[in-house]
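Labels A, B, C and D are assigned to the chains in the order they are written; within every chain, residues are numbered from 1.
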Amino acid sequence: MAIRATVWNEFRHERENATVRAIYPDGIHQTIATALSRDAAIDVSTATLDEPEHGLGAQRLAETDVLLWWGHKAHGDVDDAVVERVAQRVYEGMGLIVLHSGHFSKIFKRVMGAPCSLRWREAGERERVWTINRAHPIAAGIGDAIELPNSEMYGEPFLVPEPLETVFISWYQGGEVFRSGLTYQRGAGKIFYFGPGHETYPIYHDAKIQKVLRNAVHWAHNPAEPWTDVSSAPNVSIAAAREPIEQRGGSLHAPGEDGFG
Amino acid sequence: MAIRATVWNEFRHERENATVRAIYPDGIHQTIATALSRDAAIDVSTATLDEPEHGLGAQRLAETDVLLWWGHKAHGDVDDAVVERVAQRVYEGMGLIVLHSGHFSKIFKRVMGAPCSLRWREAGERERVWTINRAHPIAAGIGDAIELPNSEMYGEPFLVPEPLETVFISWYQGGEVFRSGLTYQRGAGKIFYFGPGHETYPIYHDAKIQKVLRNAVHWAHNPAEPWTDVSSAPNVSIAAAREPIEQRGGSLHAPGEDGFG
Amino acid sequence: MAIRATVWNEFRHERENATVRAIYPDGIHQTIATALSRDAAIDVSTATLDEPEHGLGAQRLAETDVLLWWGHKAHGDVDDAVVERVAQRVYEGMGLIVLHSGHFSKIFKRVMGAPCSLRWREAGERERVWTINRAHPIAAGIGDAIELPNSEMYGEPFLVPEPLETVFISWYQGGEVFRSGLTYQRGAGKIFYFGPGHETYPIYHDAKIQKVLRNAVHWAHNPAEPWTDVSSAPNVSIAAAREPIEQRGGSLHAPGEDGFG
Amino acid sequence: MAIRATVWNEFRHERENATVRAIYPDGIHQTIATALSRDAAIDVSTATLDEPEHGLGAQRLAETDVLLWWGHKAHGDVDDAVVERVAQRVYEGMGLIVLHSGHFSKIFKRVMGAPCSLRWREAGERERVWTINRAHPIAAGIGDAIELPNSEMYGEPFLVPEPLETVFISWYQGGEVFRSGLTYQRGAGKIFYFGPGHETYPIYHDAKIQKVLRNAVHWAHNPAEPWTDVSSAPNVSIAAAREPIEQRGGSLHAPGEDGFG
C-alpha cells in the first residue's frame, strides 16, 4: 500500500512576491508534490494555510502517513488547535518532515520543546550539504554532497535538542555551518528536519533535493497501527497487576479513577 | 557563590487531604527546601501555585539558578504565560528538576515536546530505584539502589524523548519498570526528571532521595551567563559575513530586517 | 530479494551439557534459524565456532546482511582476526544482533568500546520484558510485554554506551531491572542487543521471542551498498577541493600521500 | 584538590621535522602542559611514547584524573597492553581528551568501537571552529567561533558513533565541514574529541584553543571514586537477591561461580 504523504504549504509568498512566483508558479507544495509523485509508492496530496482548518482536518490527518511542512511568514496565523491536532498525530505515529523556515513553525517548536532559533542571511551564496551518514536511508543515492549554487544561509547555533542522528551538515560560502539534516522521535512519530529550501531560489527543483524528500517520506513512515491513546495515562488496577500485590499505605485516588493530567 | 534553588509546589493536596498533610504538614516544598538547605552551597527559596504569578515573576525567575517543580492535581491551573516564562528561562540556562507527577505538568510537556504519559497504580507497593550510572554526579553517594517500602507505581511506556542519560530505572513489586531518572538539555538549560515522590508516602523524607535532590541541583546548575537572546534568530548582514561575499539572486527581505519567526 | 541472515552459535553447551541439549538438541542456532525461516523474506544460514574460521570466512561475511551472535563459555576461543573481520563488515553495513551472554563476546565489546559488564543470577526466576517503544519496528506485534516464566537474571548496571533507542527493559522476580533491548549504529551497521536467551531455559522456543528476532533482522538490514572503504582516511588533494584554495604554510606530507593511521 | 592532568605526546615529529620543531621546540606536550598550568586548579605532568611503558605505567595512570592524547605517525608503536590499561582507567572514571590526529590512535578506536576515519588535506587553509552550544562548559569564554588562519582540513564523514553532545563544528576554506568537538561517555569515564591541532601550524599556541583545553580538563574530570571493578560481571546469589526467590529450572553454573566472560 502506498504511503500517504500530505504536503502542507503556507502558500503566501508565491501569491504576493513576483520573485517567488516566477520559481514556484503553482506554489512550493505543487513542486514538492510532483517530485514525490515520481515514486509510485508515495500517494501525494496537498494542503495550504488558507483552506478551512488549514486543510488539516481530523479526517485528513487520520489519512496522512507523513506530513511535510513548509511555512515562513505566517507561522503566527496557524491555529493553535490545528497545531495540537498535528502534534497528537505525530505522537500516534504520523511522520513529520519540517522544511527550511519551518524551523520557526509552531508545530516544530511544539514537538522540539526548544527555541529552534538560528542565524540567517539571504545573499544567494553557495551552500554545500554534506552527507554525514551515507548509509542512512534518507541519504540513499545522494553521494558525498549536494551543491546549491544559491541558498539562504542558516547558521549555528541552531537551538534544537541533540538529535538521534545527524544526517547532513551544510557549509556556506560566507563562512558558516549548519546541521541541515536531523532526525528525532516523539511518541510513535519520526521527525526529520531538512534545512535547504529558501523560496527565492529554485532549490526544490534540484534533483538531489527531491531525492532526499522522497527518501525522507519512506523513512518517516511508521507502518505500525496508530497509537491512538499515546497521550493518556491509564490506571493499572491492583487486580490487573502482573504480580500479586495488596493495597498498603495511604491513598489519594478513588478506585479506577483517572490521573489528574 | 551559592546556587539559588527555588522549590515550586502546587501545595493543594497538603491543605485538602489529611493523609498528605500528616506527612507534609508544611507542604512538600518545605520538606524539600529543608533537605536542600543542608548543603551550604545551595541557597533555597520556595514558591507555590496560589501566590501571585504562582510565585514565579520575572524577577524571581531571573534570580533562580535551578527550579524544582512538584505539581499533581492542578496542572491546568498554571497560567500559560508563566509556563512560557519558565521555558524561556530554561532555554537561557536555568536548571529544571521535574518531580514525580510533574511528568504531566505544562512545563514538562512544554520542554519535552512529547506526551509524557505513563501507567500508574497507587497501591503502596515497594519501589527499588536502581542506579544505572553510579559515576553520574546525580547518583553520587547513592550506591546500588534506593529502597522505597511504599511507592506509587509509574510504569513504562513513559512517552518522553530518548534522554541524554539514563541515571535511574525503577523496579516495582507489582511487576513494572520505569525510567525514573532521566537527563535532557534544552537551549542552555539542563533538565532532570526524577520519578519518586508520591504525596501519600514519606518519600521526600528519605535520606537518599534528599541526597539525589541536592546532587541534582548541583548538576542542573549552569554557571554560564544567561543566554538571554537564545530564542531570537538574528540576521547576519553580508557585511558581517566572516568570508567576503556579495549579494546574488533573488531576495525576500529588506536589508537588516528581522526574520518572520 | 531476501535478507541473508547468518546465525552464529558457539555450540558447545548443547554438546556438553545434558540440560541444554534436552532443550536445544540441534543447537541454539538451529532453533533460531528455524524461527527466522518462517519469514519468507529472510534467507537463513548458520555458522559455529568449531568450523574453519568459525564459519565466518570473508566470502560468507560478504554474503551476510545480518549476523546473529550467540556465545557464552568460549568467548576467548574466538580468533581475533575473525572478530576484526566481523567488525569491519558491521562498519560496511552488515547488521549485528547480539544475544544474551554475547554481551561479553569479543565482537560486542569491540564495537561498543565499553566494558559490557552486568550482574547475573541463574535461579530460573520470572522475567518480564517490557516494551518501551511499541511503535519501534523491533517491537511490532509484541504488545506490552513478554512473560518468561524462567530466566537468568541480568541486572543493571549494564556498562554499555547510552543507546540510540531503548526498546525493551526487563523486570526480574528477584528485584532487578535490565535494559534488555538496545540499538546502536557503528559506521553503516545497525546493532541490536537483546537480553533474553539463557541456554538452560527454552526461551528461543517462545513465540514472541522468535517474533522479536525476525523483526530485528528486518530492522538491522541496511539495503545500502556496502561501504567498503569505510575505515580509510583518504587525502583530498588541493586540486580536488570544492572551493579553490592554494597551499599555504608548512607541510608534513608529500603530495598524495596517505595518512599515518 | 587540583585535577591531575597528564599530557601524552608521541613526540616524534618535533624531533624529526624542522617545520614542527620550529613551532614546538620542546614538543607539543610541553606547549599544552604550559597552557594547562595557567589554571591553578590543574596539576599537570607529561608522558611520551619513548618512555618506558610510554610513560603510562599503572601507578601513573592511577594518579591521572584526565589524560590528553596527541599522536600521529606512530599510532602503531603504542603497545596494546598499554592501550588496554588506558581503556580500563577510562572505564573506571579517568577523563580522556583525544586531540586532532589522535582520531586514528589505538585508544580512540578502542573506546569508540568505530572506524574513526575522516578526509584530510594539508593546505594551510582557514578553519573556523563554530561553537554549537555556547552554554557547554567546554565552550566557556570562547564566544561564537575560533578563527584559525592555517589549519589541516578534517572533513566529514567522520566515522564515529553519534555523540552525547556536539560542542563544535568546523568550517574550512576549501569547502568541507567537520564535527570538531564531540563528547562521549564510556563506563565512568568522560571523553572529548577535539579536532584542531595539526603540528605544522601553531594551533596550540592560540589562546582560545588553550582555553578549550583547560575547560575540557575540568569537564572530563569525574570526582567520583574510581569504579575499579567496572569490567567484572559478579554473580548475585539467590540469598543476596533483594526479593525472596528460590532456585527453579535447570542450571549451568555451580553456586558462587563466576561468569564465562
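By our rule, contacts are C-beta pairs under 8 Å (C-beta built on N, C-alpha and C of every residue); 3 or more make two chains touch, one makes a residue touch a chain.
Please read all numbers here as calculations on a predicted model, not as lab measurements.
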{"item": "Greatest separation from chain B - chain, by CA centre", "value": "C"}
{"item": "Distance from chain D to chain A - Cα centre to Cα centre, in angstrom", "value": "36"}
{"item": "Whole-Å gap between the CA centroids of chain A and chain B", "value": "27"}
{"item": "Centroid spacing, where centroids are CA-atom means, of chain B and chain D in whole angstrom", "value": "31"}
{"item": "Residue list for chain A, restricted to those that touch at least two other chains", "value": "128, 133-134, 155, 162, 164-165, 173, 175-176, 185, 187, 242-243"}
{"item": "Contact graph of the chains (line, ring, star, complete, other)", "value": "complete"}
{"item": "Partner chain D, residues of chain C touching it in the complex", "value": "13, 17, 19-20, 23, 72-75, 87, 91, 101, 103-104, 110-115, 117-125, 150, 153, 155, 159, 161-162, 164, 173-176, 184-187, 198-201, 230-238, 241-243, 245-253, 259-261"}
{"item": "Chain D residues within the chain B interface of the complex", "value": "93, 128, 133-135, 137, 140, 145, 147, 164-165, 173, 185, 187-188, 222-224, 227, 242-243"}
{"item": "Residues on chain B engaged by chain C in the complex (per definition of touch)", "value": "128, 130-134, 155-158, 162, 164-166, 169-172, 175-177, 179"}
